[in-house]
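Presented below are the structures under discussion, each in the form of structure tokens.
Each of the two complexes below includes subunit A, the first together with subunit B, the second together with subunit C.
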Partner chain A sequence: MRYDVTLQRCGLSAVFDLKGAADALRNWAGDMLPPLPDHPNTRTGGGGVELYHIGRKHWLARAPLAQEEVLEAQLKPDACPAEISIVRVSDTLSFFRITGPDASQVMAIACPLDLHETVFGADAVTYSELFGLKALVLRCEGGFECAVEQSFGDMVEDYLTLSCRQKPV
Partner chain B sequence: MRLSSRLTTGGRINRDRPLRFRFNGKDYQGFDGDTLASALMANGVRVTARSFKYHRPRGIVGHGPEEPATLVQLEGEDAAGNCPATAVLLREGLSARSVNCWPSPGFDLGGVAQVLARFLPAGFYYKTFKWPGWHLFEPSIRKAAGLAPAPAQPPSSGHFEARRAHADVLIAGAGPAGLQAALEAGRAGKRVFLADEGSEAGGSLLNRTLSIGGRPALDWVANAVAELCGMENVTHLQNATVWAYREHNLLMVNERCPEQDSILERSWRVRAGEVVIATGASERAMVFGGNDRPGVMLAASVQAYVNRWGVAPGKRVALFTNNNSAYAVAADLAAAGLIVTAILDSRRHIPQAALDLVPDLPVHPATVAAGIFGHKRVRAVLAAPLSGDLAKWIRCDVLAHSGGWNPTVHLWSQSRSSLRYDEDLAAFLPDSAVQNCRAVGAAAGDLTLDRIVAGGADLPYAIEPLWRVDVPVQRGRAFLDIQNDVLVSDVHLALREGYANIEHVKRYTTGGMGVDQGKTGNINIIGTVAMQQGVPIEQIGTTTFRSPYTPVSFGAIAGLREGTVLLPYRHTPVTQWNVDNGAVMYEAGARWQRPGYFPKPGESLQEAVNRECRAVREAVGVYDGSPLGTFELKGRDVPRFLDFIYSNVMSSLKPGEGRYGLMLSDDGLILDDGVAFRLDDHRWLLSTSTGHADVVNQHMEKLLQTEFADWHAMITTVTSQWNNATICGPHARDVMQALGTDIDLSPQAFPFMSIRDGMVAGFPARVARVSFTGELSYEVNVAPRHLMALWNKVMEAGAPFAILPVGSESNHVLRVEKGFLSLGHEVDGTVDAYDLGMGWVMSKTKPDYLGKRAVMLRRAGGATRRELVGILPQDPNRQIPEGAPLTPAGCKEATEGLVTACVWSVVNQRWVGLALLENGHARQGETAHVRLQDEVIPVSITKPVFHDPDGTRLRS
Partner chain C sequence: MLLIPCPFCGARSESEFIYGGPVRAARPDPNVVSDADWVDYLTVVPNPLGPVQEHWWHARGCGEWLTIWRDTRTHDIVEAPDEIE
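On to the complex of A and B.
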């Protein structure tokens, strides 16, 4: 019996790494970004952009790849003040989607984190591990989304194929 | 097929579903629900194994994981070694073989060891076989005393799986106490993980005929299981052993026979808020002469075979006990139609409640079993009154014995929680918990059902410990540890030789080791030591309980990690192109799969490397430099941070400039080498070695988070945001121009050690002029999404210049020719910058930087240092193995250095090398000697550079 899941290796997203004090970042970004999440390891969204609070004074802004140039032009990574750091990192992450009735079972193989809905809610996002690799983990409709360092993408695809006995689409 | 010992009724087996199986090459039949042990017993197979050391005939002793005697090797699809026959569920076509005997357990040539037994006491191999060396004898001794080999082939189908789970409560054991705890937690809405090693829930209730609330206890079990099944918050696994208790309530569970057909075994790593240990209790053996003969069985196991599997282990059963539980066994056996010939009880005063259970059976108080008549089967037991009256033989074909009950405290103890000795129960019980766990039921010392479940009816437990039978008429060898053939006399010998501590006794005798981990015998060893030393048993203590509780296959532990994902691997966007173009790929640091070289058909490694090196030296080459660690640093304090972590000055760089530098560790040794570029006033780009990228990242983050928390510097890893094609060689500029770029490539506008942003071949690029080959080089960094397209354009633009892709092997040659250091070769964790002739990189102007003080202190000591030199074999065609030692005059003396690299130099047309040599800098022009096993190779000591010593080409 195979797990009842759909595996998907996603294409690139526009991703920007944001660091610095929240006020300084807010002052620079203005309304180009959604409101900063109130709590660590949660996310907000708006205007097609999601904002992940993934560490102390550390966020990821994510949007469809089509918005990358616009976001870059608005956020001006090269021109932002010394107090904050904005770096385009769209290519550094390989995203995977694991959806379907058995998604949590596959995630239990891949990830050591407690992803039960009472612990890891709909707006949760965090760095954890995927098959022993540092990975971004969040919920998506019908399952989970994970991202690993791009160079490990083939290996994670390999692992997911072995876990589910089916190749990601 | 006749099942000679199967009872006509009873048992929790499906008699409508017969199963065929093979054992030691013979065909048998059992039923669904049988274990291999119960099926063998039903077929009248009594000699099922040979013992580990003496090759004595052995039969089945227990009925669960405590089984010490009958280990089998499974064959075919189930191939596995050293499985207790009592834990192997029968299935159609199962094939098993006894271990440690040849040709069969019934006739074993190794049985000759029994004749030599008196010469083979515990630790005999420590005292004999010493000359000329133990290793001469070790293989044959291990073979003679071996267990089953590991399967030669992996399973032909199916796979293993490892996964995690999280629970508010993990309950180990689904006996009455475990089920009760699961019901309570489940009804309270907690996330419950219930795991039980048996094939069905119920624990000891499956083996007994007890009642709860006036109804069969198994009805209560069925109701409990049904209720748990209806709770979404409960995960209930059978055939799942909790085999290890780690820190922070992390427990390991091995699930055999998961529901998915394709999964052979599943390993669970469960993190629990609370752990409930409901692992029950194990019956312990009595220690008396002949207690290992086939037919001598644990009393509760005889009861289990009768009640659970509908098998009569014998027709005439005698019992030997020191506690009440054997009386319930006797009653059940009599009810099943077996003849109970005697109950020998070592106690003088037997509780009336026990006697009331067996009003018509012959009970012999204050009497012990002192010997067994029979070799491959029990024919009679010698009943010896403790009064000294005449001992007499009592006919029987099974002796069922019970030495009392040990709460199964393995998991409790593994959690590092403490134990205490309970005088009344004569057993070690859970005491203080270290982690958030509690023991319940028999594991906590509640050995009767009435103490566990309301309404449970059971015989009160009472025991007078008897650690071993010690009467003058005793006959035969008395075994404390059946699995490891440890005798009472072995323990006495260990004590005589001064191994008084129980841990030492264990190691000297091997008692308590092995697959069963002494489940039936450990406490008897402790008791025997206590008796011999004349001290209370609690003063002896226990040995350390270790995981696994029962054997776990390596496959289950590894889970999916096999085959292609056995080791992690990383790819760049060019990896597939490399493979398609015939590259020999292998890991080259930090899990990156990189091309070693690109051989043409029929070309050797050396020929391919020479061709690639010539391309770089004479024309142009390109390599994929994407794996180099790359970090973007931002903040006002980045300049002083870089000045602290690099040994030279970085803060003086202007935007667009870069500088090579060394990072030192606290102890002044070289952590990494790399290049820092200043992008603008507050933005910097660091390039590190591939292998140390993660280490450098952690190093910087640690400093910023601990030492300089108030400094304003932020680090972003961009290794995979900027992949690069490095174009190197005299025609590199030509290729760049052919690609098309808006960057001014002239040496004046774009000099060595600078960085420029622009468009290259139509892609946004960041181009750095650095060189790891000693040639004119452009490191063209683009987003990975563009790298493959860029790569194709580079190959196309470079074609007129005879461009070649270059692998790691050629890079190694090219850097050795230039004398560029390599981490892991010249930088081996012992050298500093001065040793490498790089004193210039140690700043004289900065007041301080990381590692400076350590370097200065060490060098102030004046000790002789190994310094980097070049070496030229005096025979130019002589290759020297990398790592070869240099000794004074080539003599057999302590080494004075080693060869760190030796390559065929295409520009010098000879072998050249680098070495770390004592006082090497002062010895240039002299001859040193490489000492190999059969040869001494003289080498001339030179400067460590063999090509373009002034760096004209790389700055061109």
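On to the complex of A and C.
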């Protein structure tokens, strides 16, 4: 029997890697970005841009791929002050969506995180593993979104497809 | 499988981490220590029967380096021994 999930390969998003002290980032890009999430492994959003707090002094800004050039023009990675770093990394991450009633069952096969909603809430986002590969994991409407290094995209799609097939009876 | 406490992420599966070796003594001044102590420093890795302090890297996570105390007899993560604190 198959798990009751929908697996969707979403491909690339516009993603910018932001590093530095929160105040320095706010000074440079505060107007173009949603408020910086304060708590580790949480996110904020606004104006079509989402901000993920994925490490100490480390954030990802994500938007639909169509917004990439606009966002780059606003963030001006080439001109930013030396105490912060802004790097376009859109090409490095391939995104997947796993949604439906059994989404958490399939995620439990792929990922060692405790994804119960009391632990991994609606605004949670973190780097973890998917089939042993470093992966970004977050909640989305009706399930989970994950992203892996894009060169692993085909392989992870195969793994996820196989995982969806093998519901124990 | 260990659940390792990351200072940024909280408790996470050992599989997300890479072992960074035991915490070693500070490098002595080679001009001051005896040859035997210098060779000890260079070649002898801490390997006690009991609590050992270790570096771990949250490589498939937030990227943080951290240290824990692990008891080699039980594989449990433990508090730092009293004489260290």
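Note that in this section the second predicted complex is superposed on the first by the 165 of 169 C-alpha atoms of A that agree within 3 Å, B and C clash if a C-alpha of one lies under 4 Å from a C-alpha of the other, contacts with A are read in each partner's own complex, and residues count from 1 in each chain.
Definition applied: a residue touches a chain if its C-beta (ideal position, glycine included) is under 8 Å from a C-beta of that chain, and two chains touch if they have at least 3 such contacts.
The model shown is predicted, which means the values in this text are computed figures rather than measured ones.
Asks: Touch check for A:131: first (subunit B), second (subunit C), both, or neither?
Replies: The answer is first: A:131 touches subunit B but not subunit C.
Asks: Output check: A:54 vs subunit B and subunit C. Expected answer is one of first, second, both, neither. What do you get?
Replies: In the superposition, A:54 contacts subunit C only.
Asks: Does subunit B (first) or subunit C (second) touch A:155, or do both, or does neither?
Replies: So A:155 only meets subunit B here.
Asks: For A:40, using the defined touch cut-off, is the partner it touches subunit B, subunit C, both, or neither? Pick first, second, both or neither.
Replies: So A:40 only meets subunit C here.
Asks: Applying the touch criterion given at the start, work out whether A:10 contacts subunit B, subunit C, both or neither, answering first, second, both or neither.
Replies: neither
Asks: Compare subunit B and subunit C by how many residues of subunit A each one touches, and report the one with more.
Replies: Greater contact footprint in residues on subunit A: B.
Asks: Taking the superposition on A as described, I'd like to know which of subunit B and subunit C A:112 touches: first, second, both or neither.
Replies: both
Asks: Using the superposition on chain A as set up above, list the residues of subunit A that contact both subunit B and subunit C.
Replies: Residues common to the subunit A contacts of subunit C and of subunit B are 112, 132-133, listed in rising order.
Asks: Subunit B touches which residues of subunit A in the complex?
Replies: 1-2, 12, 17, 19-20, 78, 82-85, 87-92, 105, 108-109, 111-112, 114, 116, 119, 131-133, 149-155, 158-159, 162-163, 165
Asks: Would you mind writing out the residues of subunit A in touch with subunit C in their complex?
Replies: Contacts found on subunit A: 40-41, 54-56, 58, 112-113, 126-129, 132-135.
Asks: Report the residues of subunit B in contact with subunit A in the complex, numbered from low to high.
Replies: For this pair, the touching residues of subunit B are 159, 161-166, 191, 259-262, 269, 271, 559-560, 563-565, 568-572, 575, 592, 626-627, 632, 634-636, 680-683, 712, 714, 716-721, 723, 783-785.
Asks: For the complex, give me every residue of subunit C touching subunit A.
Replies: 8-10, 12-13, 15-16, 59-64
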